[in-house]
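Two complexes follow with subunit A in common, the first pairing it with subunit B and the second with subunit C.
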Partner chain A sequence: MNTLKIGENTFELAQIIIKDLKASENIGILKCIQCGMCTSLCPAARHTDYDPREIVKRVLDKDESLITDDIIWNCFYCYTCHSVCPVNNSACEVNQILRQKAIDNGKGKPKIAPFSAYGDSFLEYGLGAIPNDFFDHLLKDYGKEWLQLKVDLEDIREELGLGPILLPEKDVNDINKILEKTGFTKRLERVRRCKDEGNSR
Partner chain B sequence: MKVKGHFSRYAPKSSIDIGVFLCKCGGNISHTVDIRRLKSSIDAKVVKEFENLCSIKCQRNIRDVILEEELDRVVIVACSPITHEKTFRNHVAPLNPYLLEMANIREQCSWVHSDMDKATEKAISLTNAAIERVKYARPLDAIVRKTKKSAAVIGGGISGITAALSIAKQGIKVHIIEEKPTVGGNMIKIGKVFSPEKLAEECALCLFNPLINEAVQHKNINIITNAELKSSQRKTGNFSLLVERRPSFVKEDKCMACGNCAEVCPVDVPNEWNEKLMFRKAIYKPFPQSVPDVYTIDEENCIKCGKCQKVCTMKAIDLEMKGEIIPLNVGSVVIATGHKGFDLEKRPEYGYCRNEDVITQMELARIMGVNGPTNGKLLKPSDGKVPRRVVMVQCAGSRDEKPGGKRYCSRVCCMVALKHANFIRRYYPETEIIICYTDMRTPGMYENYFRHVQSKEIKLIRGRPGEIVKIDDTIVVRVEDTLKGEQVEIETDMVVLSEAMEPSKGTIKVAETLNVGLTEDLFVKEKHPKIRPVTTDVEGIYVCGTAQGPKDITDSVSQANAAASKVSEIMNGGLEIEPTIAVVDNYKCDICGECVKACKYKAIYMHDERISVDPIACTGCGICISKCKNKAVEVMGQTDSQIFAMIFGLLKDKKEGERRILAFVDYIGYVAADNIGINRISYPESVRIIRIPSINRLMPKHVLFAFENGADGIFLGEYPDDIMYPDIQAKVQEIRSELLRNSIDPDRLLYYKVYAPYFRGLANKLTEFDKQVSKALDKLEPVLYKASSKDL
Partner chain C sequence: MKEIPDKEILLFKSCLVNVEYPGVESSTRFLFDKLGIEYIVSERQSCCTGLGHYSDLFDQFSTAALAARNFGIARELGHKNIATLCATCYAILKKSGNILNKQDHIRDSINKILDDSGVPDLKYNLEDMDSRSNIFHAVEILYNKVDEIQDLVEVDLSEIKVAAHHACHYCKVHHKDTIGNVRDPMVMETLARACGVQTVNWYDRKTNTCGNGFRQRYMNKDLSFSITAEKLMSLKENEVDILLHMCPNCQLQFDRNQKVIGESFGTEFNIICLNVSQFLALALGADPYKVVGIQTHTVPVEPILDKIKQIIHAYEV
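Presenting the complex of A and B:
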């Protein structure tokens, strides 16, 4: 049984999240009435135990174990919860802030290593692209038709007059230089190392 | 500081005989105030003292003295005018009741001070102020409102018809203006209404039709259908309305409603009365029980082929018929323009536009109405089969802060869903009902109905669906069962969305035409949600039913009756109004309209190139005076000379080294100040309280005059929860800047928000302010000295 002690500020965690830079202005976290509209459409909830409504509920209950709970790593930022919430709350943003807290306290670090693949494909192509590592998974989910689309994509684009999908090598090099100078490449290295840090623990 | 200037420039011409009557109040006053000393200090023709001035015996005494001494004015030195001003105004007859002034030396002197010497000195100055002020009093007569004994009710739904019937029964002529070809509004469409008492559904038409028939037959009621309000002008408490009546192309007196015309009409039009679930003809009668019972041609869709004319044996059809403009002059207007259902195209995730079997509660009502498209059978629009399951989705468009959504709860949808659920369970026991709800809101007796319906095996899922999609031939409602913490896909063959209520287009348009304020959600705004729920911000215009906000029939009917009694109040009550209101001098006025703009009570309006004041709406706050560059406005009983005289009187006997603070407070502030006395709490003797209608009445010149004449500090107190509050803030700012310009320390001015029950706060603030002023004076004396020596 949980005892609600007099004078305990159960809104502390919610207030920290509201004040976080990542939170939208006027985020409706305190207005949440647990209607479950977010969860009704959440693809992560469909396939895992993730429940955006429950995340918000736990935040409002100042459940700090949430930060170290693996469950927060199940959201994949489709923003559906954000776009349907009738009180302009965003479970998705709440989740991002919780993850940052997990990263800050070290527990989340191993979780972010896989994200380095996004950085790698950015370096490789000069634009946001689905990492090559995911290819096999996508093929399994989407099937051969998708593979055929990938094969024919350049032809289809040409037919539609859209030009090539990839950037010219010179542009990719320029972007790489920018990423180098702005510290992105170094940061990516750090993200990659998180994996090892996690293993060594 | 020394008293500068002389007051003679404000003095009246001829000498005036004033009588002063002192009350000892059985010791309440005389134990603290030295009556003998007070009496000897008074400069008046007659000064008399009494033990209990408010007694009936004293009434005769006062009257005798007035007659014997031929007094022109009377000053009563006694208790608070809040308690006894009315009594003494009656006592001074045959003098005009407004030639009386009271000095409050009980609540604001003997009850708050204990030092007899200081209390007596304060009593003297309060009496002096009253004497000075009464010299400038003018005889005033109560204003008798002359209102035409007729009213217009806009909208012929349950609210409009109820209001009209009640008004008519109180002997007042009523015009009902209805934009559609028939009266009845939304209620007549809904088939069944819920009865929490009988735990059953009742026939809406059977309840409403007798009222409509009564309205039609009532000699005081005139129903104008196919009509819209075009314009409105306020004239001395009345409204000149222009109503435009569209042509119906059918002569009402000839049409027998046989329906031959509709049979030959070749034009099919979606029938809006059946929520467009079926067709009607271009010549039509909305429904069998329409009132008036005649056919109408819908001009927009008629192709003027003339076929109807050929079959009409009554020769009732006139395709050349013209519309008409009907002028109405009424004393009051009731807005009963109702609501409409939320436009579900704004929520594409519910698939309302893509899926025939996703319908609204109103559509379900029509489907289940015996005079509806399926003759009362519950059938799916797509295939005409009975649904095996009906899922109801609550809060469709309500409690929704996303763009286009309605932030409010629409109040009736829970009950509507339960009503339909109960009805379906009774007649179609094979059909399952699932209600997806956010909160079930069935307050009061409605809870009984909720429990009753629940027992009919209605599945309730606590969760708000995010999406309704069609997978193959099945509709799927995606929802989280939040009590279980589990995503659910509900398969169904019919979905009913409990659509939000929103103001009808007519509501918004009529409010604009009548210049009546709307809420953020575009419903007609009531003057005060608690104590004036049917009064709009324009006096004489009332609102009832869903035009004012979402509500059910019960509440609409109550409100309609309330609005009717407000109408009757102004017409049958022979209303007498206090004359202390704004008066415009039309010779000085150049009709710039600044006062009209400034008055948020909408008491000032323009008509026939003149500025007029509605005596009921005017609170006499005086904001108009500050805005008038031609000095064409005055507030009776609060003229500049009266205010100056009062200030002068309160300061004229100020002694060297003494501190005097003038506290200008509104009615609430004055009541709070009296409460300080009633509770025997004290504040410094330096404080002298002056009642003003509002800080908006004050101008920098009054405050500067007070400082010039020796005031050490000015305290301004007003109740802040009023629509004029922003103007008060602006006014305080204006006065403060004027002080700076005149090298007066702004610390010597204080604005404080007063509340009647928070008198302790006021007492503390007055005490604090006295100290603040004392400090400011110590600090600023040399600076002031410099400023004045420069003047010399």
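Presenting the complex of A and C:
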């Protein structure tokens, strides 16, 4: 059980979250009255042990074990909780920030490693894409017509009168320079390394 | 209601529209052209980072920096009203706009990065973009022209029943800027009704997420599908022919996965998925293959075309 010491700032974790760039202006974590509106409409709560009200309570209790708790990875980021909260809190944003903390401390990196190819695509083309690692798995569910679509895509786009998907080379280079300076490129390398380690295990 | 522009619009391309449902872009362009909405598309625009952002791979600072670059391009082109084809682009850009306007030190750091990256012309000036009055979903631009759309309808759709899936990242993220009631959005039903189609205005699970949940579709497929199935069941009970979309990720979830979800429940749904632009383009007489792009859909759209043809035929006889 999480215990608090006398004189300890119990709101420390909440305050860290409030200051995070991802947190909406005036996010109402400290105003949470545990009414449970968030949980009542949460799709993840309906099907798993995830409970947004409990997540917020643990944040307010400064329960840092939350960061390494697998439960935070169940949120759908649908923002339903965020849209109904009577005090402008957002369990969804709290969750996103907790996951970033988990990624920063290393424990969350294996969780996002399967998505690293999205970053590769972004650096190569300036465009997002469903990570190609999932292709075979998706093909099984989507059916072989989907594969044919990939083959025919250029022709179909032409038939629809749409221009090229690819950005000019100079713009892709600019995007790479920007992402190197924001720290994304290094971050992606670390995630990729984690993926390679996972694969060799 | 917020003021919605009909000119100086940058139609913001979407990664999933590009490769999965390109007909969403061509349909939107068809409608904008018909309605006299002045817009451009830029080959320089990058993606918003959405799928990477919400699978936690992208950090907020990098996402905001790329948004600043795209905002700079829109400003340079003299088209600073952005209309997105995807609900996640909409949410991401609005969030980034708010950060750039309200957090001075972040804006300064990003501007220094743009400067150092050789694109000082794309630097973000305070209040360049207003999240509420410059960043829109394309559906809002169309909603503003609903009366004009009504006058342009060319086919009889009265035998068809549609329901709408208003994307979470349109309705719920920046809920104060959403048109109508966030708990019972009617933007797409209003547009559909203008075309003379029957709409199911409320159905059980109407405001549910599509179930994609970014990482969830790929890492927790059963959980993801159980959410999608709830909505599909409700739509089936309501005998819906077409589910209208405003987000390619939701459309992908309901269209591409529908068969395999049906199989696991021992049923067939046969619910056609169309972006609301694709639906309106059909209603305004656009070619199903050369404009609407139904050839990229998994649940065949043809049965509905047959229905439309039959109706026209009945009138001719």
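Just so it is clear, the second predicted complex is superposed on the first by the 110 of 201 C-alpha atoms of A that agree within 3 Å, B and C clash if a C-alpha of one lies under 4 Å from a C-alpha of the other, contacts with A are read in each partner's own complex, and residues count from 1 in each chain.
We adopt the following convention: a contact is a pair of C-beta atoms (placed from the backbone, for glycine too) under 8 Å apart; a residue touches a chain by one contact, two chains touch by 3 or more.
All of these numbers come straight from a predicted model, not from anything done at the bench.
*Asks:* Scan A:L147 for contacts with subunit B and subunit C and give back first, second, both or neither.
*Replies:* neither
*Asks:* Of subunit B and subunit C, which one touches more of subunit A's residues?
*Replies:* C
*Asks:* What is the contact status of A:L30 with respect to subunit B (first) and subunit C (second): first, second, both, or neither?
*Replies:* neither
*Asks:* So in the superposed three-chain picture, is A:I165 touching just subunit B, just subunit C, both, or none of them (first/second/both/neither)?
*Replies:* Touch status of A:I165: second partner only.
*Asks:* Can you give me the overlap between the subunit B contact set and the subunit C contact set on subunit A?
*Replies:* The overlap between the subunit B and subunit C interfaces on subunit A comprises residues 41, 46, 80, 84.
*Asks:* Name, in rising order, each residue of subunit B that touches subunit A in their complex.
*Replies:* 349, 395, 399-402, 405, 438-439, 462-467, 478-482, 485, 487
*Asks:* Of all residues in subunit A, which touch subunit B in the complex?
*Replies:* 28, 31, 33-42, 45-46, 51, 53-54, 80, 84-88
*Asks:* Name, in rising order, each residue of subunit C that touches subunit A in their complex.
*Replies:* So the residues of subunit C touching subunit A come out as 15-16, 18-20, 22-23, 25-26, 29, 41, 43-52, 54-62, 64-66, 69, 98-99, 102-103, 106, 110, 113-114, 116-119, 168-169, 171-173, 175, 182-183, 207-209, 211-216, 218-220, 223, 226-227, 256-257, 259-260, 289-291, 293, 295-296, 298.
*Asks:* Considering only the defined contacts, which subunit A positions touch subunit C in the complex?
*Replies:* 20-22, 25, 41, 43-44, 46-48, 73-80, 82-84, 96, 99-100, 103, 108, 111-112, 114-116, 118-119, 122, 126-131, 134, 137-138, 141-143, 145-146, 149-150, 153, 156-157, 159-165, 167-168, 171, 174-175, 177-179, 181-184, 187-188, 191
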